[in-house]
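Since the structure comes first, as structure tokens, the remarks are kept for the end.
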Amino acid sequence: MINIGLIGYGYWGPNLARNFSVNPDFKLAAVCDFSADRLERARRMHPQARLFSSLDDFFKADLDAVAIATPVATHHELARRSLESGRHVWLEKPMTETVAQAEDLIELAQRGQRVLLVDHTFVFTGAVRKIKALIDKGELGDLVYYDSTRVNLGLFQQDVNVLWDLAPHDISIMDFLLPFKKVAVSATGCHYYGNGLVPKSLLTIYMEGNVVGHINVSWVSPVKIRQTLIGGTARMVLYDDTQPSEKIKVYDKGVDLDVADKDAVYRLKVQYRVGDMYAPKIEDHEALALETAHFADCIANGREPLTGGLAGREVVKVLVASEQSLRSRGAPVEL
Amino acid sequence: MINIGLIGYGYWGPNLARNFSVNPDFKLAAVCDFSADRLERARRMHPQARLFSSLDDFFKADLDAVAIATPVATHHELARRSLESGRHVWLEKPMTETVAQAEDLIELAQRGQRVLLVDHTFVFTGAVRKIKALIDKGELGDLVYYDSTRVNLGLFQQDVNVLWDLAPHDISIMDFLLPFKKVAVSATGCHYYGNGLVPKSLLTIYMEGNVVGHINVSWVSPVKIRQTLIGGTARMVLYDDTQPSEKIKVYDKGVDLDVADKDAVYRLKVQYRVGDMYAPKIEDHEALALETAHFADCIANGREPLTGGLAGREVVKVLVASEQSLRSRGAPVEL
Amino acid sequence: MINIGLIGYGYWGPNLARNFSVNPDFKLAAVCDFSADRLERARRMHPQARLFSSLDDFFKADLDAVAIATPVATHHELARRSLESGRHVWLEKPMTETVAQAEDLIELAQRGQRVLLVDHTFVFTGAVRKIKALIDKGELGDLVYYDSTRVNLGLFQQDVNVLWDLAPHDISIMDFLLPFKKVAVSATGCHYYGNGLVPKSLLTIYMEGNVVGHINVSWVSPVKIRQTLIGGTARMVLYDDTQPSEKIKVYDKGVDLDVADKDAVYRLKVQYRVGDMYAPKIEDHEALALETAHFADCIANGREPLTGGLAGREVVKVLVASEQSLRSRGAPVEL
Amino acid sequence: MINIGLIGYGYWGPNLARNFSVNPDFKLAAVCDFSADRLERARRMHPQARLFSSLDDFFKADLDAVAIATPVATHHELARRSLESGRHVWLEKPMTETVAQAEDLIELAQRGQRVLLVDHTFVFTGAVRKIKALIDKGELGDLVYYDSTRVNLGLFQQDVNVLWDLAPHDISIMDFLLPFKKVAVSATGCHYYGNGLVPKSLLTIYMEGNVVGHINVSWVSPVKIRQTLIGGTARMVLYDDTQPSEKIKVYDKGVDLDVADKDAVYRLKVQYRVGDMYAPKIEDHEALALETAHFADCIANGREPLTGGLAGREVVKVLVASEQSLRSRGAPVEL
């Protein structure tokens, strides 16, 4: 039984608390938040957990692991304190504000032989796992692009650009599915509302082998869109997370370019191949439940998490470079 | 009655021919194409038109106007020849390969008092005209962004990047709806297939007043997507051209940021306003039919077309700068 | 504070238990189920509730109200016992197996001045309440039809035809929105699988004034469809419960028949009026939460529930007649 | 070369004229209509055809075949006259007003060895042909139901109920895909608008072996829906004709009822099997073009059309019985 304490009972924290409660390997032993209202809500849902408004008191509690669901500016300090006091760490995304901070945590975890999991939840969804399985079986052929639109209405953050809020989902999914070396990024966007925040941005990630990632994120779309296209030379995937069923569609479509026969290209105008589409059945589970079980397994068996410090650092690296590119109107920043 | 001759009877030319035939102000007098097959097809559909495989002969025919539906590389020469011989010109998009060429044609048309229409067809659709009307009535408030995804499967061009093929649609629509001074562009994309062509690209257009245009174009998407979001401070529009009905949805949604009250922002996490959505009825006509009538009207009354040389040049200017940015991985290019 | 006990912790019971727990006016004091597994699940979620496997013991507990979420065959007996012992009753749909049973409960509740609520949950959704408000404001004009398709995959019941399982939703929504006197029903369907159960059925309800209800229910559809059309002479509504947003669309469409001018009809072929569509904003709440609060209010103030015994009886009356029609291949049965 | 004459140049006739013009085996030699406006439109599109306002003159023309696209009340007389004068006949659906009339035409065609094709266009679509191919390969297992919703806004007919206008499409598709002996029908619906016409109807067709057809047709729906579900014991199909692509979806879903194990049923509540979905590629052709070629082939080779007199009579038989059932509120009528 792993005694776990949670810091931050705001938007995401309650989901973590519920999953740690339901999973038999964990005991939700403590919740820490500076808001009395939030602590009262935690008390109603989880009467067995001790409640703290002081971090010092929280860290004195008998805890094997700490889950951190607070703003990113506090991640490094809270995770460092947890690891230094010998706790395993579940850390929300994005992992840290800087690459140096991420590397500090990675080293601390390694040295102390603690598990450091970064909560890239989408990697644990049935949909992303199914796409990964298709790729591993070679169904898509050589991968050539990742293109995602993740837009909705809502200013979820008041201190960072939209890139830091929404792009981590796509960067972590892309890193999991297309694990190619990233070489440069270009990011664009404007701030409109006088507060200096960019609520809408396009991000391009150049990878080795002419593979490219295109990510469109926005807090100012009237509709919620979650459309991800993944292009392979053999097949292409449309992953639409807003669909209640058929979230993944695999298209037997491709472009076969006969470079030698310029004339044929000219005459035919369009050179493509079109076959059937299919929507594979997807495991139906809550991603967080699987991720919680995975965290328990890593702790029990000393395993490196699927989404550990290295995956977390990769996301931070892209975000930091993107932020720099954004400030110079898309000028490329090498990674 | 305007005697019109058409050069190019490939993909788009037959649509022009049909519209010139149906419109009572025009007589489709001649068709010119270097392909015997295409001329044969033209003969079956338009037995009254004279057919030419030689440009010299075509230009000797008795023509008041010339419509040019050929690859962009030939536009300047053919349009110049038409204008110099005193004909009005209907020119396919993109207008020319360079801004200098566009300006040359604009000057020639002005000097000869000929009508020069650039075929930005979407500007004549019921949907785009309805959005324009909504904007003009102030329903959207101040405009802040244009965001379009225009992707499908198909290599329609063999000599230019996807930007030159698909982006002109969006640049011309955006120029019509958000007529702000454009200050810089950033474009990204890779070539994958060994032919040096970029089949997928992201384009950002920075405009005065922190207004931004984001355009995603692709020839390598397994699905056809035509989604355009237009953000205003009062309302936002979703324009989906693939829908058989309800192509335009107007959302009474917005972001009201109270910068003074940082605490409120923090507590509420999301500061937005959500009301009803409505889908206005749209005129049901063929865009080309309306554009054909507009061309006739401009010729008859010496009017400047809605999509004349200046609109055409604006598109070329953005394309040329985007091509340059694309070659340097998104580095911004000033306009 | 109302002490409430729940009988039946199967598919729907847990939702009731959760809502009674969250609502401050109720205390979930007891749960009764004959399955040890289910009681164990209830224990984990609601440690404060007393658990019973014996009905006799359950009814001895200190309870002000009883919620009954068991198969329909048991409803009359359990509700009767609850009312006779002075408890208010929350009864799942369909209310009873026969009209006589329904009337017996109505009389018992009246005599004992107890609240008898039949759980027609949809009546408490934001969508149905919004449609009701539109109708009450006269936005739809005179109502002419209700047409609903409610199909999915799943044999939820093993002892009744699909009509008893899925049609109560539509009959209760229709009864709420189009409260016209029902005069006859016709129901059709086959049993396919050798078990004598009809898994798919069409139901027509004839009402006064040539108003008609058409209901299509199925357990054997590969896709889940929840499409309800409501036709008025002024406007028409599409209510699609599977949509994450825009569940209700109001169409400014209608049919204007000029009977006098037969020739006009003939020449024009189609005589209709088409205007804008709009999707009104809908209250975002859990229907059961609102219904729970309504139950508390009825108990506190001695009010008749919106979905009381009379509404429940109306549904039973239609179901019983439909079952009879179903056995004679659609022959109409008067109500 | 088959000289064909067309009677009726209203809504559907122009499509026939265009297809007969394009097909090299036909020559559109004559068009007959009592409306001068329509004849003028025919003259512009088909200058080579002779135009007639008199049937007597039309029938004197040199014609090998006659296509009849007029109201159903005229079908029998016009087809009879065509067959008696030795012409092959292309006849719009529904074939005739009565079964006796249909049988009269069948006999006339047989006796004169003329081809009699009834225009059940949907049978020639790529989608319906693909479903037929799937069924013939056994992919769906045993067929158990056909369920179609075909609703839109528009009073296309002024002299018949909606059943005669829209249901022939579904009856002919169903007859082609599920060729089981039909045993009885039940049809319901009301007239609302004071003209005595039923604009909305539910139709059930009972077939041998407990197979059932459910058809929902309406002229008074605010939205256009074309949803057909076809249930087999092995797989189920959703055919949605409004989709621009993926018109057919094949679901590897089914219901496996273990009647022996009543307890298992009870415990699990839902007993179904869910696998992948796939959308097969569909031939992309105009149905009428294929049907036109088929008509030419039948004439040239003396073949019986796929949709000949017997298929036409089957539709009329169902319509006549449905009309009778409709007048008695769904009372079943045996076939």
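By written order: A, B, C and D. Residues from 1 in each chain.
The rule we apply is simple: a contact is a pair of C-beta atoms (placed from the backbone, for glycine too) under 8 Å apart; a residue touches a chain by one contact, two chains touch by 3 or more.
For clarity, every value in this text was computed on a predicted model and none was experimentally measured.
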### Query
When you check each chain against subunit C and subunit D, which touch both of them?
A, B
### Message
Relative to subunit A, which chain's C-alpha centre is the most remote?
### Response
D
### Query
A-D or B-D: which has the larger count of contacting C-beta pairs?
A-D
### Message
Please tell me the distance, in whole Å, between the geometric centres of subunit A and subunit D computed from their C-alpha atoms.
### Response
52
### Summary
Cα centroid separation, subunit A vs subunit B, in Å, comes to 37
### Message
Roughly how far is subunit B from subunit D, centre to centre by C-alpha average, rounded to an integer in Å?
### Response
41
### Query
Listing for subunit D: what residues touch at least two other chains?
223, 274, 277
### Message
Applying the document's contact rule, which stretches of subunit C touch subunit D when the two form their complex?
### Response
10-11, 144-145, 147, 149, 151, 153-156, 158, 184, 186, 188-195, 199-200, 202, 204, 206, 210-212, 214, 216, 218-223, 225, 227, 229, 231, 236-238, 249, 251, 253, 255, 257, 259, 262, 265-266, 269-272, 274, 277, 325, 328-332
### Query
subunit D touches which residues of subunit B in the complex?
223-224, 242, 244-245
### Task
Report the residues of subunit C in contact with subunit B in the complex, numbered from low to high.
246, 274-281
